[in-house]
Amino acid sequence: MNLHDFAVAFFALALTGALVLLCIAFLLTVTRILLGPTLPDRVLGLDVLTNVAIGFIAVIALDSGYTLYVDVAIGLCLVGFLATVAFARFILSRGKTEHLRREARAGIDAEAGLSGGQRP
Amino acid sequence: MTGIEATNGYIALALPFLAAALAPLLTRVLGQHAAWPLAIAPAAAFFILFGAVPGVSAGDVFLFGFDWIPSFDIRFSFRLDGLSTVFGLLITGIGTLIVLYSGGYLAGHKDQGRFFSFIFLFMGSMLGLVLADDLMTLFVYWELTSITSFLLIGFDHHREAARRGAIQALVITGGGGLALLAGFIVIRELTGLASMTEVLAAGDALRDSALYVPILILVLCGAFTKSAQMPFHVWLPNAMEAPTPVSAYLHSATMVKAGIYLLLRFHPALGDTALWTTILPAFGAVTLVVGALLALRATDIKITLAYTTVASLGLLVMLIGVGTETAIIAAVLYLIAHSLFKGGLFMVAGSVDHGAHTREIEKLGGLGRAMPITFAAAMLCALSMGGVTPFVGFLAKEEIYHALEYADPYYVALMIAAIVGNALMFAAAFIVALKPFVGRMPETIHHPHEGSLTIWIGPLILGVAGLVGALFYATYHQLFTMPMASAAVGAPVEIGIGWVPHLNLAFALSMATVVLGIVIYLLSARLRAGIAGFLAAVGWGPDKGFDQAMRGLIRAAVRITRLLQPGHLDQYMAVTIAVIIAALFGPLIYTGGWPAIPAFPRLHFYEWAVFALLLAGILPVVLATNRLTAILSLGIQGFAVALIFMLLGAPDLSFTQFMVETLSVVILALAMTRLKLSVADHRPLRDKVQAGVLAIAAGSGFGLFLLSIAQRPFDRTLSDFFERYSYAIAHGRNIVNVILVDFRGVDTMGEIAVVMVTGLAVLALIRIRVGPKGVRYPDPLEKTP
Amino acid sequence: METVLSLAVACLLAAAVYLLTSRRIIRMLLGVVLLGNAVNLLIFTAGRIGPSAPPIIPGNLSVPEGLIANPLPQALILTAIVISFSFFAFLLVLTYRTYEDLETDNTDEMRLAEPEEEGLPPLGY
Amino acid sequence: MIGDLVLILAGLLVLAGSAFAAVAALGILRLPDVYTRMHSASKAGAVGAGMLLLALALTADSTPTALRALAAVVFILLTAPLAAHLLAKAAYSVGYKLGPESVLDEMPPPRPTNVGTDAPADARNASPQPAIDQP
Amino acid sequence: MTMLLFNLVLALMWVVVSGSFTLLNLLFGFLLGAAALYLIREEGNMSYIGRARLGFSLFLLFLLELLKSAWRVAVMVLSPNMNLKPGILAFPLRVKSDAEITLLANMITLTPGTLSIDVSEDRSTLYVHAFDCSDPEAAKADIRDGFEAKILEVFR
Amino acid sequence: MRTIIFRTVAPYLTSLMVLFSIFVLLRGHNEAGGGFIGGLIAASAFGIYGIACGVGPVRRAMYFHPMSVAAAGLMLAVLSGVASLVVSAQFLTGLWAFPQILGSEVAISTPLFFDIGVYLVVLGAISSIALALEERDTD
Amino acid sequence: MEYSLEMLKAEAMVTAPVAASDYLIILPILVCFIFGAGLLMMRKRVTQQAYFAIPGLVLLFAIDVAVLLKVAAEGPWTMMMGGWKPPFGIAFTVDMMGALFLAVSGFVALACGIYAVASISSTERRYGFFPFMFLMMGGVSGAFLTGDVFNLYVWFEVLLIGSFGLLILGSQHNQLDGATKYCFLNLVGTTLFLIATGYLYGVFGTLNMADIAIKAAAMENDSAVYVIGVLYLASLSLKAAAFPLNFWLPASYHTPRFVVSALFAGLLTKVGVYALIRLLLMLFPVEHAGVTPVIAWIAGLTMMVGALGALAQSDLRRLLNYMVIAGIGTIMAGLALPQVAEVMVAQAGPAGELAAAASTAAGAMQTGLSGSIYYALHSIVVMTALYLTAGVAASLTGSSSLAQMGGLWRSTPLLAALMLVFLFAVSGLPPFSGFWPKVALVRATIIADMPWLAAAILVSGFLMTVASARIFALAFWRPAPEVAEASGTEAAQAPHPSAPAPGLYGSWSLVPLLGLTVFVLAAGLWPEWLARLTDAAAAGVIDPAAYLSSVFGDAP
């Protein structure tokens, strides 16, 4: 077995191994997302899932030879980040919105001279 | 018919509509005097039609018309023969008097112009109805009379009774009209006869048709409702809510005769069968007797007249049903006579109302001195109605008894009905025409007075006409009754009956009728109480039944509608999806389009893993009670779908799916976190089972059908084309993108329109806020000045 | 592959239907997303799964080299994805606003357009 | 020759990267609280994906593709710490407590006057996580 | 000036990413970069970006630390019983500018066992979550003498 | 989310992402990408910018109202279809020109403008939604 | 062998130059999109929007009429978008049926646009009333013009999202509730359409309607085609609000502004009907013939549900909702007639009657379809007119409840008269536009030996007459409820929030109503012009040879 054959065989083996590992990673990540228990935990799980998916795409790209799949990976990087930011944003603001909304409505109802809480 | 005559025909038909258009304007300018110029229109139409009388009395038939809707094979065509011409003369002649009468009767009424318009519209419709030849033309006019009478009955729309009367009339006559339409269409489509002329020329075609019975029943439904046969008669007394000119015109002389017209018209084609001679006399006789009894029961003289009209219509139907030549002649004689005296009496009733401000028979009396002309007119009409010679009513009654004088149980029964009915009507005639004018004047009546010329001229002319017709009976028969009867019989007939009584059975019966009538007249107060008591004991009648039917209809409608539209989205959705599933499985089972059993799929392990990921995403979405778990699992299945796309050679799809799925989850979580939702989100077991059944059915059905389609050979022509020309012509290497922006760019154009509108719609949703009870919250970005 | 994809479509559709028939709008929204994915996979499968080469023409050629995945369903699905995403976004915001104003996400309690305590229509004339 | 070596290197990177990814996944499953899990996610996750992309860059058939893969690596490195920071900050501000095995907390508890108002005061005190997450 | 530099960086990135090394593409990339920078004109603060060379060495250090960090995490996660003493440290900051704080915070996150959670309102303190808080002062000293020193060196 | 750390990095991240989005847009005709994905990336970029720095800066950065951007995109797409009327071709027929600019051949075409229209619509509409939601939240 | 670009183009593209007048086929959409986008750009200049919107709608209507005239003069024509040969590019094909629907939709859109000037508040304009309307019209026009099934789906979505926008504009609480039901159920409907289209593509490998028609004709009794046809029937029945898929309509149509209801009532369901005719009758005649009994049941039940629903309502707007449904049932009746001679022949029995039965079947089919199209056009105009009139009436009386309206015959006789005309028209009474198609439908059903369906048409017409008479008596004739009466418990309630502000009675509302009246009377009194067109439209659907050859040339 010359170097070339070894390289090719090793690479193929590596890819298979990588796919196995990534599949395991999928499984574990999904478990965390489903288990929670808190929202940040789940978001974290989704974040890891994004990373695992990026890796998966890279491996598939290597396996199939369609290296243009890297673009999909880049896109996933971007939205993965966006998702995490957005979730963080809403973890931060949850509770706040409801709190304020109730006050705002009560104020306007009072201005309009209506008793709050009633609906037509 | 020559061109000029056809033109005249069209003019006669159009004149009332023209007058209808002008009436509001003229009334505004001339006030009540507008009646005079307006009366020119029907008068002119009368004279135009009268011009056709020599011809039709000689047996000619004038036809004119044009193709109206060739695509539907419908003509706008008319037929002037004895029947239609005489009807037309009655309509326009009495119409002229009614217009004059209305001028006085409604003088100063602020809606007089509108009233004239409606009356003229009705007149035009009625005229068209009787002259029409094409069945569809006839029907259009038929329904127009229903519509216009709806407006006329509801003229005093501020009273609920008027509105009720109008609706009742529309419902009953309109409903009958639809049956008539069905009958006409059946005639047209199954026998190919499109016009009256064709129907009449076809001889026994209709009678021999397999569909004779349905046709007859449908036509009779139309005729009986319009001509107020029991039990459809209820609308007619209630139609008395209309101003009196309307009652005089529509509900005595014209509209109610439309059904009679139809029966006379169809008699040659549909009559003389066992069914005809059974149904018509049965309905007619019952209507006659019951109507006459009810007339006696009424205390309002207008209502009395209305019921006598019902009775008269019954009599006419009965005669037409008997269908012998004599019977038809009798019907024709009675029809014309009835139009004259009943129109006159209604106008008299109106004048009495006008003069004494009441129509209650108990509160009327002694008006003769104050209203002599009206009294005279009333007596003329009443004598005719009572069948006293020398009035046209006498001729009719003689002929009726002639027609029924056979020693046969059938005829005897009808004869008894005729005698009883006539006697009752005799009494009713004098109750209306005599009682208010004689005796002591009750103190409730103040300053009774004769109306203006326009008020009394109408009844007077009609009363005198009844006399003149009988006196010059030869001419009368020559011009009017013989042509009409000939057309109705379907063969030339001779009528010779005159005002001079001959001693025969008919005369004897006539006398008996008069005597009986006088007795009833004298006992009328007691009889009235008796009938009233009887009716009160029964406690129910078709009129009450109408209300019950309407309410029942509405209640049933409400019940059905609430059942079908319960207001719950989940039920709507479940039914919708169930229907969709049925739409899938129905034809699938019917045609047996199931897939073949597939071989076990050979996939790489990581492909299996991706599908497992998909399943791992779907299951918690469905099963998780925690909403956030569900949402994030949604992200998982989205990723899985994106990976599937990538594995199967769709990078663009994968790219987009990843982005869209992530964004979906993000905004979903965003909204979720803001909604203060209950923690537990349980579905009841019943719901779960129902949803589960639907879900399994939908999933399996669509999946199996997809598989069966995927197992078919595939035509890849389109994609080959795109591959071949994507770079060469469209200069793009990414074939999917070239499809999006070039090959199928219009799809994309629509797609971005959707995206843009979504943006705007979301903006509108978020920015426009309304508080409880419709208070609009200020737009946060709206600049306050 | 078509078999597995058909199965996937079946699962997605079943899940979508299960969720859509719920009373909670949030669940229905999840159903809408699943429905969209189901349809996308359905179209993809209906266009047949051939070779998995992406439908992109290599830089040195003017037609694809060898067999490629069917591009047309991909384009159709792209259009459909965008549209269903738009609808989803709209429905989500609608749900959000509905919840804000009607204070419920339970469709059973949403009885403003078709109120429950409606009397009979006027029975008079 | 060089190509073969590169291929072997890429193979090693692939194995290492996927191993890191798997470890990251295991980490978020095993570690006790959300803050410790973040370590695993932000480091091992990013490194795993980065290595796999690096392997892709090494074996890519065109330079632009390779450069794009590198750009993706840079982007991941740029965003991973940021994401961790934001998530951690948000979690802490809203009141998600450290796990019981924690030994130190020098950070002031979220105050009502600043970002701490993001969470209702009672929610913070009563339970480590808001009601919405409870199954 | 620094804006211009960043713009050039963007232009170069454009050329690299789009894979077309022509003058026109560079020019186009520059224009696009300018446009992109115009979008963020309000928030852009470029005062220290210029020191690209030093920055690069920092970047390499950072990569190395990242790898070590990932390895440490991996080992910890895979060890049968994780002996954790986690906690949050309050690290007093010497760096003051936004860019410095940001850089430090991110680097801390990517280095072994630590993760920056937040900066105090007055920018004096960086709160860091650490795996090992058995000796807080030692951990703080590590940061102070490691990354913070390096950053101060680069930026001042 | 206006932390110092995020606020410092976000603008650069945004400009990078916008640049990348244009890249995705322009080369979509030949490789994976296109107007829709480009627009989504750009909108995400503005979303990140908005979360980091607030809605105001994003609105000022875009200068035009996002919905106007979307409308302009739709109009551009439509007009690039109508352009084929000039050469008496069917609607949406692709017109191509390959002028030499500074020594390199540049492909200018109506499908390109169409795709730019798509990009603008997606950018405008999605950022409008994001901003509208974000605005409610911070007000 | 090397191909030159020109050779390739000759192979792949329609190279013949296009006359400017051919552009008429795409102009309705372009006008809608350009005006929609333009008005969106100027959305903050609320007062000036009308000056652009109304000319835009006039232009749209003019183009629609021009399309109709061109079709009437020259027959169907096709434009291949992007210049690609059929069936590869998207074909836009307009035939008489499409042109008729197009012209009438442009007509009611113009009427609604004018009406909206006075009735839509500045906030609602600012948040996109006119853009929504234009985009929705773009979708409607596209649906009428496209010759590509998937493209039809796209136009459905465009009009649907436009309708969503219009539906929620105002954000009243009942609007949000109604919109939720409308949106979810309609989404299911369009998704089903997309699913069916996916299957269709899987079977035929093409999306071009003409191509499908040809290929479907070559397939004998294919089970997949059968299933697909029924799926389209279900999906489009939902869009058309046919029983039992009509829930969304009564749940929502009464909640938005009157003018929006008017536009919806006129157009949206009719697009469903149009597509049903196009897809089921034209593309899959054999499969259609197989399901005519089902369609007959759908038609009959829809009529009854609509008419009874109308009787059950106490609110004028909700009553009108059900009248829309009843109208749909009537239209569907014309689609329930077996189209294929074999079916009739099978029923006819003896072989000697074969030819006669076949020609009878064709005649019934064409009469019925012509009646359906006629009725659909009538229904578009009349339902729009009824909602608009109801809007004015509600603004004058401050309520749309039959119990609280009143006195309009006295106070605004013109309005009342118009209402009366529309009510009689919707009841199918002569001499208004609804009568003739009803006659045609009854005739066709009787020829086709479906007397019960004819009876259903007549009975539903009867019930509609009752409902109409009640509307008129209660809301127009009856005096307005006394102030004293209202000062009880009911006066405490504010006027219905979605009732427009008083003062809608003016030329902005009357001019469009009078315009619509002209149609109602013209189609009632001189129906031949329209009957001839609908006849041609029906003939074009039953025998689509002209349609096909306009796409593929004479030799497909």
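Labels A, B, C, D, E, F and G are assigned to the chains in the order they are written; within every chain, residues are numbered from 1.
Simple rule for what comes next: a residue touches a chain if its C-beta (ideal position, glycine included) is under 8 Å from a C-beta of that chain, and two chains touch if they have at least 3 such contacts.
Quantities reported herein were computed from a predicted structural model and do not represent experimental measurements.
Asker: Stepping chain to touching chain, what's the minimum from chain B to chain F?
Answerer: Contact-graph shortest path, chain B to chain F, evaluates to 1.
Asker: What chain lies farthest away from chain B once each centre is taken as the mean of the Cα atoms?
Answerer: Most remote chain from chain B, centroid-wise, comes out as E.
Asker: Please identify the chain lying most centrally, where each chain is represented by the average of its Cα atoms.
Answerer: G
Asker: When I count C-beta pairs in contact, which pair ends up with more: A-C or A-F?
Answerer: Of A-C and A-F, it is A-F that has more C-beta pairs in contact.
Asker: How far is the middle of chain D from the middle of chain F, if each middle is the mean of its Cα atoms, in Å?
Answerer: 30
Asker: Whole-Å distance, chain C centre to chain F centre, using C-alpha means?
Answerer: Result: the chain centres lie 25 Å from each other.
Asker: Could you put a whole-Å number on the gap between the CA centroids of chain F and chain G?
Answerer: The separation of the two C-alpha centroids amounts to 36 Å.
Asker: Could you grab the centroid distance between chain C and chain E? Build each centroid from C-alpha atoms only and quote it in angstrom.
Answerer: The mean C-alpha positions of chain C and chain E differ by 41 Å.
Asker: What residues in chain D touch two or more of the other chains?
Answerer: 19, 24, 26, 38, 40, 46, 48, 62, 65, 68, 71, 75, 79, 82, 85-86, 89-90, 93, 132-133, 135
Asker: Residues of chain B that touch two or more other chains: which are they?
Answerer: In chain B, residues 160, 163, 167, 550, 554, 558, 565, 567, 569, 573, 577, 624, 626-629, 647, 649, 651-652, 655-656, 659-660, 663, 667, 670, 672-674, 677, 702, 706, 709-710, 714, 716, 718, 722, 724, 728-729, 733-734, 740, 742-749, 751, 753-758, 760-763, 765-767, 769-770, 772-774 touch at least two other chains, as defined above.
Asker: Of all the residues in chain E, which ones touch at least 2 other chains?
Answerer: 13, 17-18, 105-106, 116, 118
Asker: In their complex, what parts of chain G are in touch with chain B?
Answerer: For this pair, the touching residues of chain G are 3, 5, 8-9, 12-13, 29, 33, 36-37, 40, 81-82, 84, 87-90, 92, 123-124, 127-128, 131-132, 135, 138-139, 142, 146, 148, 150-151, 154-155, 157-158, 161-162, 164-165, 168-173, 180-181, 184-185, 188-189, 192, 195, 199, 202-207, 221, 223-224, 226-227, 229-231, 233-235, 238, 243-245, 247-248, 250-251, 305, 308-313, 322, 367, 370, 409-410, 413, 424, 429-431, 435-436, 439-440, 442-443, 446-447, 454-455, 458-459, 461-463, 465-466, 469-470, 473, 477-479, 494, 497-498, 527-528, 531-532, 534-535.
Asker: Of all residues in chain F, which touch chain C in the complex?
Answerer: 30-32, 36, 122, 125, 129, 133
Asker: Would you tell me which residues of chain A are touching chain C in their complex?
Answerer: So the residues of chain A in touch with chain C come to 64, 66, 68, 101, 119-120.
Asker: Per the contact definition, I'd like the list of chain B residues that touch chain A in the complex.
Answerer: Chain B reaches chain A through residues 605-606, 609, 613, 616-617, 620, 624, 626, 628-629, 632-633, 635-636, 639, 642-643, 646-647, 649, 651, 654-655, 658-659, 662-663, 665-666, 669-670, 673-674, 676, 771-775, 777.
Asker: Once bound in the complex, which stretches of chain D touch chain E?
Answerer: Spelled out, the residues of chain D in touch with chain E are 19-20, 23-24, 26-27, 30-33, 35-36, 38-40, 42-44, 46-48, 62-65, 67-68, 71, 77, 80-82, 84-85, 88-89, 92-93, 98-99, 101-107, 114.
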